[in-house]
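In the two complexes below, chain A is the common chain; its partner is chain B in one and chain C in the other.
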Partner chain A sequence: MSAVASPPSDAGAGGPLLEVTDLAVEFRAPDGVVRAVDGLSYRVEAGRTLAIVGESGSGKSVSSLAVLGLLPDTARVTRGSVRLAGTDLLTLSRKAHRAQCGDQVAMVFQDALAALNPVHTVGYQLTEALRARQGLSRGDARRRAVELLDMVKVPNAQARVKEYPHQFSGGMRQRVMIASALAMDPDVLIADEPTTALDVTVQAQVLRLLAEIQAERRMGLVLITHDLGVVAGVADDVTVMYAGRAVEQAPVVPTYTTPAHPYTRALLRSIPSASGTGRLPVIPGRPPSPAAMPSGCPFHPRCDAVRDVCRTEVPPLAAPAEGRMSACHFAADIMAGVEPPPDDAAKPSDGGERRDSRSLGSDNATIPTFDGPDNRGGDHG
Partner chain B sequence: MNDVGLLSAAWRTLRRRPDVIVAALIVLFFAVMAAFPRLFTATSPRACAIRDARLDPQGWGSAHPFGTDALGCDVLATMVAGVRPSLLLAFVVVGVSLLIGVTLGLLAGYYLGWADYLISRTIEVFLVVPLLLAALLLLSLFKNVELGAGTFDVILLPAVVLILFNWMSYARYVRASVLEAKNLDYVTAARSLGASDVRIMFRHVLPNAIGPVTALIPTSIAAVIGTEAVLSFLGIGVRPPATSWGIQISQGSEWVLGGAPHILIAPLVCLIAAVLSLVVLGDALRDALDPRLTA
Partner chain C sequence: MAEVVLQVRELVKHYPVRSGLLRRSAGAVKAVDGVSLTLERGRTLGLVGESGSGKSTLARVLVGVEKPTSGTVLVDGEDVARLSRAGRKQLRRDVQMVFQDPYTSLNPRMSVSEIVGEPFAIHGIDPPGGRRAAVGELLELVGLDPDHANRYPHQFSGGQRQRVGIARALALRPKILVCDEPVSALDVSVQGQVINLLEDLQAELGLSYLFVAHDLGVVRHIAHDVAVMYLGRIVEQGREAEVYDGAQHPYTQALLSAVPVPDPSVRLVEPSPVVPPPVVDTGSTSGVGGAAIVLEGDPPSPVDPPSGCPFHTRCWLAPTLPEAQPDPIPSYPPTDRPDAGLRLVPPVCETDVPALVHRPEVGTAGSSHVVACHFARERVSPRVEA
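On to the complex of A and B.
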């Protein structure tokens, strides 16, 4: 049950590099079991970038930790598989799983200062894995460290390999982090909010760098972020997560032009825009606690297009159109830019049908923070 | 490449601090005293004449520069003779306890689960057994064993007793800092690059968790020298006729108010000087080895 429909222009011949299928991760909590990820599926092909977007606590980081086998002791994978070039990582022993990490799949962490060991030089950390696992000599390791720093465009690499992480600026540190993840030449790189700790101009540089390296090496890149603005420039496909599930999966452009889930639509509206005036729309409320999931669709308490059926039935992840996946009862309506039919109307029997009984204007009016007629700058629909 | 760079940088930092130079000279002085006692006194610590008991210090160049003790033994000679067993005992005890404590603390904090359970309970058992009770027990066990009179033989019994009751504090400190360090991102990052448990423990967790323990070392050296005197009183300290600073201090303290304070003062000054120097050195070494504090 692959979720994202494979893009038509895919060049990879041997199937996806990384394929996550129906992954579920549970945490043991004092008051019972908490399901952080519930039935997540995605696939990444060589040379393509998948962005996983979601709020804090939506399970996007936990799912990538599961891929790398880095889940804390209180968590366990209850369902699903993670296939890396055909091998199911979750069935491997801890040791065998770790041997795959770094070599085939590597990770870039959010806070590079915390993710670099303060007591070792940058050069040591870049090549530690190479020296430990491929038995590189000191001299070779040093040359390789300089190469890696050059690759991520750290100026004066020759001198800087001898420095410590605290002597680097935030952006340079993130570059070092990326270089250390690339040291073993992985096929898949998972970047967990790689630009969150950076300021905006540096963010753009680091993202461009990631995109360049990815294109050059034909890596699969999984970019985890909560910032849809980041996604637009770099990603090929988008998976939007909410409360541990994928709510929308699609190529990046259609996601932006015709979102198929009210959550995606609301996220897009809340991106600040330079031409926007008036108040920026926000999504009211907070994401549900995984310990106290609402009934029906997990997004229904915050949804601006909620109907009775949403409160009782969990919408399955279905395809409202070719190449699109959405977990909304009214995906076709949302895609078409119309409001779902009111509760007294007949239930939507099939998603392909277009309902134009409602005007586009009512779409905007349902956003609670809407603040006057002149805020269309915030509207991407 | 990186070790050499770190050490030479450490040396450059140390050189600029005069207190470190003084401390290093004092430690060197005692090291020389331990290695070549003949340089400092020609008198034997065992040539005691009871009629010369409790002589006041006579100044440098005379027969008893620092006076004599209650039994008429030369204070300077006793002090010089005590350097070697005292310092050796201190370093052996602290070194071995450090090794045991750091290893067990690291294992307990890193793996948790049953390893932690086992180690933590063992720590508690050793913490609740009183040192003197255990010392008496060991004394009765080893009473009839002839250990010889070599440099290490004379300190063997006190070393065993003190190590047995010294390692727990290191283990607890290390365990606590490992618990803190092992969940940091750089440990996860190392794991995500496929590092083994042993590598993560010794290369990533330990260097960041050892800080609180290094601050403990100089004071435990002083404590060991002091406790050894207590053990001597029970007869399981440094074996007579060998002597130590601890023995000398405990004997001297009986005469502080009896008109012969010099018996106490001479070894006490040496102990304080040695310990203070070690504190300064330990402090400087920690600063120098922490790259965050090296500008």
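On to the complex of A and C.
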């Protein structure tokens, strides 16, 4: 996959802030090596929001941990580069990598209660980085903490810096997380499911806050999520991941109007929504385990437009049209909304692979061996 | 009118809050505060609300896991509280529960056949053909392979585990299934499979569902009737189309408008310009767009709910009304709003709890659509009437 071109860039002034090229991450597992991310490339431009969408186990979280140098010891990056302002972070030592990231890339995690330390005040945690890196005095740090809380619109910041995380509601905690990520004034903010644990009304508040701060600071934002509604609401560009690979990359509007990959198309159809109350179109089976990847296109056992070539050849991420990238042999057909041409040869019992979604057979089609423990969530921490 | 299988009247569930050395009662968490609803045979009632609205507590009271503080629950016309011991056991057979988290609601040390067959053992029932055959049938019913009955939960994926949970709930041929967030822990592509399964089972077995969820899209898809909860009370209830297309309560309207829609033409924030402008932004920096109503603050604590209408502290409609007057009572909690005490709210919202009633002047006359708001109206535009 060395010929993979970079995702569409909209010619930002001064080039991308962060550029990930052909990133691959492997985990050591008891039964061999598991490839969690395989050839992921993306760019983050100033003032734009890139959404990385995928189901659990698609590698979306692991790839951002790799960018930040936060991978667990069982994982390693096997190829690719992460260029931040021209420097390839992956060539640096772990310490230098983190030092560089700490100044310019920050991360907001999903579970704010788990990410905040319960025994320190919010104010202390907000300015930990500032004191460690810039040697701020205690008084200055406190003033800065109040400023940060004000910025994320936590009411009565002056009093609340002295409180502990458990005294904050879920939405307020997520604001604290965002404030602490902003403490070092980063160029790029990676937000991993920042609103998944929140109620919809609070989610809307937090998403708006992120967008406002981003616009104000011309920050690049990477939003990792599984919620296609959130993506449609806030993203500028979308990368859809499946089984460790980017399967589609495009600006947000065409992703929804003319998806160029059958997975994207099926995901969009399977969202239960206002439209219709009939039977929900579903994707049969489940995502493949990284330990037992199907041959050919990783999506072929669940694809509704599968052809012979899909079972044997891995489709490269190519551009079916200007500004679009799709890893499907028939991307142009899918985009145009037509079915790919049928196989000339008689189809070898295609129906056997996709039975009724109620039968277990569909799951077996994806994972031939049923004995190994299912890797729950699959994100390996 | 269809046959009513479950009726709840004025149900209240308070948890005492104890504090101090003597564990004195210092108030109560008013988790469910006077809820009435009915569930008809073969239909699905969706219960939506934010966390802390009391929807899960209500579900737990209905299956008998929690005892209500007051109020009545009628299953098939029988008052649950007056049942004998044997009657309660029968009740547990008729009302079963599907839990949210398929990872923790199954015992990892029991095989699937033991899990699904456990209700038979507990109730001392020997189904015709034996338990083994009955378990096999149940697994088949939910789309699992009966040959996998001897496997353990960890050998199944999340979606399959949820099927196991559904099979267990169906073992005793219940009339009512209370589903507490049954798909929220599943991936989108698997979510649909479980929703379809639940719909198939309802058609096949004539089940009635109480479907508790925070995902409004899922509820709209599966439910026939919808009840919206806020701070332990139902604020709006009606047929699915009535509530979703003609919401009358300002909270329901805000909730619906806050749901992210998978359509990039409905933006929560303005898209960034394709060619980035110079660093000094000229126009709007807020990035707030669209017709979405974004509520301020978090839901108040159910320990000390606001007086009057529970929603008045966050209501977007109240301040726009001509009846609005300066707020003599500081909003709750006082520190959570920068404009505490300055908020304009009609006095009636602060003093009187609005009743859940049908408002023929707003909705369709004669329908079952009810709303608890003094100023209920369909959201045409937030205009102010003289």
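The definition used in the following text is that the second predicted complex is superposed on the first by the 331 of 381 C-alpha atoms of A that agree within 3 Å, B and C clash if a C-alpha of one lies under 4 Å from a C-alpha of the other, contacts with A are read in each partner's own complex, and residues count from 1 in each chain.
One rule holds in what follows: a contact is a pair of C-beta atoms (placed from the backbone, for glycine too) under 8 Å apart; a residue touches a chain by one contact, two chains touch by 3 or more.
Keep in mind that this is a model prediction, so the values were computed, not measured.
J.: Check chain A with both chain B and chain C modelled on it and let me know: fit or clash.
T.: fit
J.: Quick one: is A:171 in contact with chain B, with chain C, with both, or with neither? Answer first, second, both or neither.
T.: The second partner, chain C, only.
J.: With the two complexes superposed on chain A, say which partner A:280 touches: chain B (first), chain C (second), both, or neither.
T.: So A:280 only meets chain C here.
J.: Classify the contacts of A:182 with the two partner chains as first (chain B alone), second (chain C alone), both, or neither.
T.: Touch partners of A:182: none, neither chain B nor chain C.
J.: So, does A:202 touch the first partner chain B, the second partner chain C, both, or neither?
T.: second
J.: Going by the contact rule set out at the top, does A:48 touch chain B (first), chain C (second), both, or neither?
T.: Second partner only, chain C.
J.: Is A:118 contacted by the first partner chain B, the second partner chain C, both or neither?
T.: first
J.: After superposition on the shared chain, which partner residues are touched by A:230: those of chain B (first), chain C (second), both, or neither?
T.: The answer is second: A:230 touches chain C but not chain B.
J.: Scan A:260 for contacts with chain B and chain C and give back first, second, both or neither.
T.: Neither partner.
J.: Going by the touch definition up top, name the partner, chain B or chain C, that contacts more of chain A.
T.: The partner with more contacted residues on chain A is C.
J.: Rounded to a whole Å, what is the shortest Cα gap between chain B and chain C in the overlaid structures?
T.: 8
J.: Hey, which residues of chain A end up touching chain C in the complex?
T.: Answer in residue numbers: 10-13, 45-49, 55-56, 155-156, 159-160, 169-172, 199-205, 207-208, 211-212, 214-216, 218, 226-234, 236, 252-253, 255-257, 266-268, 270-274, 277, 279-284, 286-287, 302, 356-361, 363, 370-371, 373-374, 376.
J.: Residues of chain C touching chain A in their complex?
T.: The contact residues of chain C facing chain A are 50-51, 103, 142-145, 148, 151, 154-160, 187-193, 195-197, 199-200, 214-218, 220-222, 240, 244, 254-255, 258-272, 274-276, 279, 281, 285-288, 292, 294-299, 335-338.
J.: Using the touch definition up top, name the residues of chain A that touch chain B in the complex.
T.: It comes out as residues 68, 70, 72-73, 98-103, 106-107, 109-111, 114-121, 123-124, 128-129, 132-133, 138, 142, 162, 164, 166, 177, 180-181, 183-184.
J.: Where on chain B is chain A touching in the complex?
T.: 1-2, 5, 112, 183-186, 188-196, 199, 203-204, 207-208, 290-292
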